[in-house]
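These notes concern the structure reproduced below.
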């Protein structure tokens, strides 16, 4: 299975990257954008999807500062 | 005394740490794949970009075989000092509380900063005085110390914050100006500034000497050897 | 396996210049002229095959063959008593005593940085590091020389600056090599052609130095490092687009991504291989990838090579032989190993988690033969790749009666009081504090940095011998544009002056010649004059050129860049503890002016701010006087008598004094010699030094250190705090 | 609307982070993982979702080296 792990900063933790994006957008003429957060995307093929949560807890994320979500996705064609 | 400095692939400041330690004793390099701490009295987890800092700083290095030994050594009361990337690795490994997040500037920053010793009750600051100022450089992109509110309150109450950035000197947005914290047992210490780059008057201020002196004095006390 | 005879074209599909004209458009697309193609055919006695043409077109490109600059470069003096390796090797090396050599080189990565500034600059650093460890030296310092359009008005230039600096820091910081110096100028002529030049220094015991010459028939060619993918810009991208059909997007060559972690392992691995004496020769893979590195190794050793490109480990499936041969994937090295040592080499590489793959063999055929599985896809005499490309004579012509460059828009009228003029200069993008840039670089890793940026005019690095080396990088395109010969000579003098300020005697220099299109007579003239200027200054100072790089065709539709020779110079000083500093240090110290000095406002920063013409001539220079001034300062710094030394460069003596005050956080009161224009320039000739009065006897005393303001006669009186604020904010405010 | 922008390295572009993760996992006992790629996740509230592609091209991603995908998601409750 091809899976995506979406990792984002935990709510309440200062996210300067999100803020930087939010500040930069109006200058380029993009208004009406709020609550920007920047996190990480990890895509991978796993043989045993049941082990994904454990992988996330142990390596892919730091649960103290990040939340994550696992999403199934299309296999890559190659 | 004998220091051991870990070398991960991507470590950069391990030779610097070794040179600094050699001013105070013997210092050997410990290879990341070896499960052998070579009988050292103190372990230094040095700065740099272990495993490229890919994924998340310190995330991959904490799983190196040598880190299992370091965890055991620490559990048995061994002295462990984590500098910059080493601090990040120790947090990731759960040997120190909290985490390091990207600087609020989002940029790498090199700066000679003023630090204040908060607590002298530790093997790492024992030779200093409370409130004493040390000039030591920082150089990192991910040095903003973070711990959840309750944890932070607990750290402060337990006197685990050993070093703070002096007022106005916080380079990265660390909570409570925290520059370095120790664990509850006070034998594991991590800091973002680089004391190993502040030991030689030829190359700059020497605020880092206090840290290494403290470790040597502590080990000498413990083993009864002359400092 | 079929041995290809001289007359058979390997790899099939010979490019016949037949009726349909496909062959013609093909080699032209690859940048070869009809004449060059004819030469290839006549040398080869047949048409080249596909892979061969790809390889030849890159090896015959300006970048690899130096076809418009090679003849000119022969004028540069390359010999000196300290030279261990001169031009022709991956980096030049000078002897620094105690059995140690310092390798150094500067190289451009201008075009990739214009396309993707972060990765372009990062891979520029990666590339120059490889050139240095390719000769067996451990990289110990990086410097950068950057040029962008006017950051005050160009959003794009601010973006390029921000990202290029980020990329340089990313690579240097991550790999653990300190970035100890650099320079940045902003001029509109660089708006479309930014310059990103990176210099690296390395340290090696003499017996670890290694050349790139392949040797020993029967020896094995081993590829080290990263997987090979479709990475490449310039040559390779042209090639690949010629090969691909429409809609074949995924196959297009891509921007090179730097991986400093991979390079760190590769570097440690190569140094360990050399320490263990496991290698016969070593070479980095740069432009034109395997093609260039293998053919140059073969040429230098006078041998032949068989390479099986099917053995090259790939990052992407289905790569064609020509793609493998021209890929510019980063973080790779090529080495020659005796067969009995291959296993030992692979074991060291495993320890450093670095891939090592035997891909070929040395023989005595004098030919580079590329196999793919069982097929011969290229079979070329080595010399056709490396030596046979025609070298062109330049046709220089001095432009007369026309200014080649428009003046910058005036921001000063010219009737401002001196105080306002000084503040305008200090706050201008070209003179303001570079702190917002260099605080993104780690200057201290490796524990030998004795003088960091802003401490002194040159960086100083302690050596294990107890002595030290100093390094500086310089080049003022505006002044070279005004007067190419004197402007280029000045860059050499200024570098040497920077070294004198820390007490160092020059050992050698490297240079990067960044110019426009050399086929245009006025650019050819700039180039010729500049090389002559460098040559003159080298003779005057007895400093040899030990290496360098050339970057041509830096042109936009609006015209060429300012001619920008960048000089990097390395020197040696006996006692790092006495290395000079630029800051005024002590209340009551005397201030002296050292060096003959007849500056002019032509080509000066003030002339720029006033919108004056970019035109010469620059002041004449008396080489003997320059040498004497440098020697005086150097000797005094080394004696420990001085508290500060600073050369007078951009912005004239007023700016130099202000810099000494700001660095020391202390004022000064000065009376200028009669008739000396405080803002006029003649870089490289004169110095401001300070120290106890008794130490400065015999010098021209012009004032005293002390107070909280810089006072110059009755011309100006400005608080140091204000000088500091203005200088600090000039660039910082543009980078927010 | 709350949107997610998933940014990943373009196919064929060197992805050192993905490689590092792929190499680290087996050592932790997670086998059978392949084709790992690491990218970025950006979450944001936009008033005018039609402008998202333009935002992506101009600020949120580097089109030379990254591909992106826009996904609509749940509004944050806070």
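Order as written gives the chain letters A, B, C and D; numbering starts at 1 within each chain.
Keep this in mind: contacts are C-beta pairs under 8 Å (C-beta built on N, C-alpha and C of every residue); 3 or more make two chains touch, one makes a residue touch a chain.
Since we're looking at a predicted model, the values are computed, not measured.
Asker: Between B-D and C-D, which chain pair shares more contacting C-beta pairs?
Answerer: Result of the comparison of B-D and C-D: C-D.
Asker: Approximately how many whole Å separate the CA-defined centres of subunit A and subunit D?
Answerer: Centre separation, subunit A to subunit D: 7 Å.
Asker: Where the centres are mean C-alpha positions, what is the separation of subunit B from subunit D, in Å?
Answerer: 33
Asker: Measuring from the mean C-alpha position of subunit A to the mean C-alpha position of subunit C, what distance in angstrom results?
Answerer: 39
Asker: Indicate the whole-number Å distance between the mean C-alpha point of subunit C and the mean C-alpha point of subunit D.
Answerer: 36
Asker: Would you pick out the residues of subunit D that each touch at least 2 other chains?
Answerer: 16, 20-21, 24, 28, 38
Asker: Multi-chain contacts in subunit C: which residues touch at least two other chains?
Answerer: Those would be 259, 261-262.
Asker: Hey, what residues on subunit B touch two or more of the other chains?
Answerer: 51-52, 54-55, 60, 63
Asker: Pull out all the chain pairs that touch, please.
Answerer: Result for touching pairs of chains: A-B, A-D, B-C, B-D, C-D.
Asker: Could you please specify the touching residues of subunit C with respect to subunit D in the complex?
Answerer: For subunit C paired with subunit D, touching residues are 115-116, 119, 226, 229-231, 250-251, 254-257, 259, 261-262, 315-316, 329-330.
Asker: Show which residues of subunit D lie in contact with subunit B when the two form their complex.
Answerer: 16-17, 20-21, 24, 27-28, 38
Asker: How about subunit A: which of its residues touch subunit D in the complex?
Answerer: Against subunit D, subunit A makes touches at 2, 4, 6-8, 11, 18, 21-22, 24-25, 28, 30-48, 51, 54-55, 58-60, 76.
Asker: If you look only at subunit B, which of its residues touch subunit C in the complex?
Answerer: 9-13, 15-16, 19-20, 48-49, 51-54, 107-111, 137, 139, 194, 196-197, 200, 202-204
Asker: Residues of subunit C touching subunit B in their complex?
Answerer: Subunit C reaches subunit B through residues 166, 169-170, 173-176, 259-262, 264-265, 352-353, 438-450, 452, 462, 576-577.
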